[in-house]
């Protein structure tokens, strides 16, 4: 089967098949390169993959931002957010962050809005603080992901917000 | 809802309901006695139950002998095999070990039969060795669960057996 | 000895104290807020009582003195261990416990009050001959007065607003010629910020190390010190990594700092466990900072290097027992390093990251201790400090301890929430940290640098693994897979927890 | 130093060595049999190679010298750590490694061979003045001869078949009057059992303690002892609990036993880590038993009391480095106790219990070390020794160590397979064990007694909990529950792992 996997904005074409001559052995073609390996589950959300004698404990966690559609794959402590598309099954999923267009600031956690650093209609630079939320006794300034105009600020000071709520849209 | 729970051959009638006045609080009537408690999940197969201020970490494991139908409940390191019957839903399940009648010796693990200590038709005392199987480099003698006559010895010396296989029937 | 102790705290420290109670054969009582019903300390305690029917706000729960004492009274607890944070340094609480006839496991309200007041503490400590950072005895009224003091204590000096805090009204002065303009600047800034233009002057300690001494005093007048901890790795004055011993320590300096710390404790008629914090300059001069009148977060590094159990000793002292050893019996051995594992995102300005821990793989093996307050499946609440756990590495030498904690951090996996394990991966491999070239500004400097791009890139393998996980996920969900025969390569029984009962028979 | 080490073992000891390699910056190579593909040592190693395409029999895999050396050669490993068991005491293997130019991390083949041969070892050790259980120098030809020897060594004595083993041809004789009939009985039994009627005579040690000394010798002629371990708690000659120090030890006895152990090692030109086992009688006389020429299962108790890492030291010694300390530097502190956690059923004659571990909750907190070879979801294979893990408790005193390991055992949960945690719950609370009234027969005597009926009965609560679990199970499975509104009391998102992604947003 063939999948498209997007990691860090880069798309990889992954073709996966079992080696007919060697049970337990897989062959993956990724971007034209061949990877032969064995893979077995090793507990919940853990795979043991051995490639050319190199052993990897590979972990999977649902990404808070994108859920199951783009899980984090963790190898040697490094996290890769891998978005999956399956061209054959036509079960394609939308990319979470398209380049260009309006960008949202999502609340990374449940909390309370305690300060607005910009008003609707303001022009902000990329990285400028837009809104401050408080959770776990700490204040956190959320910054503009791009230069643009603040189009929406749906939550006023004092509002409770949940993780994933849209706090601002920058266009 | 009402269940019948059999532990160690003793049957308990458990009636469980939520306390309408105190959310989160449960009331269980067991054998006429009332138990009021709060219960919340605390990880997979773990419950936290607080009864009258006493806190219990209660664990559940599938019993190798009876599977999900009679899970082991572990409290303070002690294991209770609890067979459940739901009289209302008529989803009654058979008791694993009936008193009297023929008794089986089941293989507690996968292994190999390496010795028979009795032949079909032999009279054996309760606790007498009947069959020896080997696994994990160790020989294990399986004993007659009751006094009686060996009715069946389906696996001969050298046979491979799986966990749960009937090794002998004593009648 | 007590029969029952209430632990007026939550998280790892509550679990730590409950374990000590269990080991001492003492019943433990947990208290909890609404969101903490399924917290680990509730699971581990013998008894557990809810603080408030619905609220989880600290003021209604873990800080609610009246309610805590009511529970203690009703369940028959003879003593209360406050942990750290919350009520642990609240003299009113200590006094209220005493009044209620419940033993507070910690110092007396008086000792706490003295140490809680900066000016009274300073007076008492100076009387006891404890060294402070040299400076003006009070405000300096004029540039001339400032110049005289600065000449006496030596440059560089720091001008500070007497009413101040938070960096406002502060000026660093490296030479006498800069003093006049700095003095005026500090004064006017102080006036604007605090409505009071009084400033004072202190010697500026360059790149100070934070080194603290653990003391233990029984209620019969014996007091010992248990060596030092170095806590120079801090982010915004929050300790991140602590270790014992300090790499710059000598037996002679340890003795002098230890004896000073004992003098501090004795001057305050201090009892139970406490910590005397010092700043140490590059010439190994040390200056009193403050005394923490409670068990510290970082107490395990002292436990590992001394072989003692500080919580057990706290309980025994509170029960009136004498210290079971003398200063000469204290045997330091090896090196210990602690990492504070937080639910916060080091890649996003250390933003707290509450939520459910979907997967937890804790490290083990030689030289690894974990004091955890969470478990797999637990939802870290947003209401409190986001510390999850403390990981402590021990080894014969600093290097061995660092290798072990690095290995342990690499084994650790926390899924579902963001955490600061990547920060530790970075610090523990940093050349300056490895060389113990650390001071209280070290971590902020490190974080200002761009992290090295990791050489170890497995993006292709990650892509392949993502597909493998998807294959097993759809197989487990019973969905049609596009390529029949693939799903069974990673057998369903392995993947799905619900199907695991099959496993026990296989 | 080596760049790459192959670990010729599996289970917890392979993981232990891999961790040491990781900490030393050395690449680790795991080898595995077919059933061990998903074993923890494979996951933890940098490299992993399968020993046999299909077989998991020890002879085809972990005991296959040729194949092990082939892998070592092909992957470029410079050294092999054998762990314990398998090839660890195989002199042929040590010799084959040497021939292949791969360093065997352990003693030389010669030293191993000498210690592996009972008679040669005895001769060499007697020459070095090592004490043995007093007895006849060889077979005793007649009752008269037996009487003379017995008079010399003192009653009670034990008659043993020279060709024997397994208790056949053995007779305990408490008084001279019983000697003639015992002698004839032993002789005829020996003849029937072994075809050889030669018997010899030894003093019978009543209730001996098993105490062993850890030695460490570098390849430059330095040898030290690292204190003792007491391993008297045994079931059928299998150690179950080990501790250090021994409760009966005195500094003087430790010195004498330690020096004797060093003499044993020196007489054998021994290098690397080894253990000299002794029997100790009630008068604290000690007698040489044998030398184990490898790392022992119970090495962690020595690591905790000395603060040293024996595996790191093994590697450094094998790399030709000198011991980094002298005897005088060895600093013993505190007390450590190890429990060997096995997949075996103590309620059913300790029958092995392979299968999938469906749930694993490991203990943590102060004074707890776990060296585990398994994880939640792992299927324990039936092909090998069923040890799962070693749990080690450390404390300032024996009592503190016991309290901690008891607490840790109580926290431990292993679901899906049978295990011997209940056995430890029993031993650790046994009065005789607590009082250290132990000898090699202690555990068999304890197991012969009926266990005390536990006072702590929660059968009703268990029944209620079984219903609660059933309620959540059917709710999670989407089944109709008889009482609507019950299922949502234990919210589905909490219960079902598959739904946990919701949790991170809640």
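Each chain gets a letter, A, B, C and D, in the order it is written, and its residues are counted from 1.
We take it that a residue touches a chain if its C-beta (ideal position, glycine included) is under 8 Å from a C-beta of that chain, and two chains touch if they have at least 3 such contacts.
All values reported here derive from a predicted model rather than from experimental measurement.
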{"item": "Longest centre-to-centre distance from chain D, chain (CA-based)", "value": "A"}
{"item": "Chain A and chain B: spacing of chain centres that average the CA atoms, whole Å", "value": "45"}
{"item": "Centroid distance [mean C-alpha coordinates] between chain C and chain A, Å", "value": "32"}
{"item": "Rounded Å distance, chain C centre to chain D centre (Cα mean)", "value": "38"}
{"item": "Chain C: positions in contact with at least two other chains", "value": "44, 355, 358, 361, 375, 377, 410, 416-417, 494, 497, 500-501, 504-505"}
{"item": "Where chain A touches two or more other chains at once, by residue number", "value": "24, 40-41, 44, 46, 62, 64, 68, 110, 163"}
{"item": "Overall pattern in which the protein chains touch one another (line/ring/star/complete/other)", "value": "other"}
{"item": "Each pair of chains that touches, named by its two labels", "value": "A-C, A-D, B-C, B-D, C-D"}
{"item": "For the chain A and chain C complex, residues of the former touching the latter", "value": "1, 3, 5, 7-8, 10, 12, 14, 16-18, 24, 26, 28, 30-31, 33, 35, 37, 39-41, 44-47, 49, 51, 56, 58-62, 64, 68, 71-78, 80, 82, 84, 86, 88-89, 108-111, 135-138, 140-141, 163"}
{"item": "Chain D residues within the chain A interface of the complex", "value": "30, 37-38, 42-49, 75, 375-378, 497, 500-501, 504-506"}
{"item": "Chain C contact footprint on chain B (complex, rising order)", "value": "24, 38, 40-44, 46, 48, 50, 53-55, 57, 62, 64, 67-68, 162-164"}
{"item": "In the complex with chain D, residue positions of chain C that touch it", "value": "15-16, 19-20, 22-25, 44, 300, 303, 307-309, 311-312, 331, 333-334, 355-356, 358, 361-362, 364-372, 375, 377, 379, 394-396, 400, 403-404, 406-407, 410-411, 416-417, 494, 497, 500-501, 503-506"}
{"item": "Contacting residues of chain D [partner chain B, same complex]", "value": "343, 345, 348-349, 351-355, 358-359, 361, 382-386, 410, 413, 415-418, 421-422, 425, 454, 456-473, 481-483, 485-486, 489-490, 494-495, 497"}
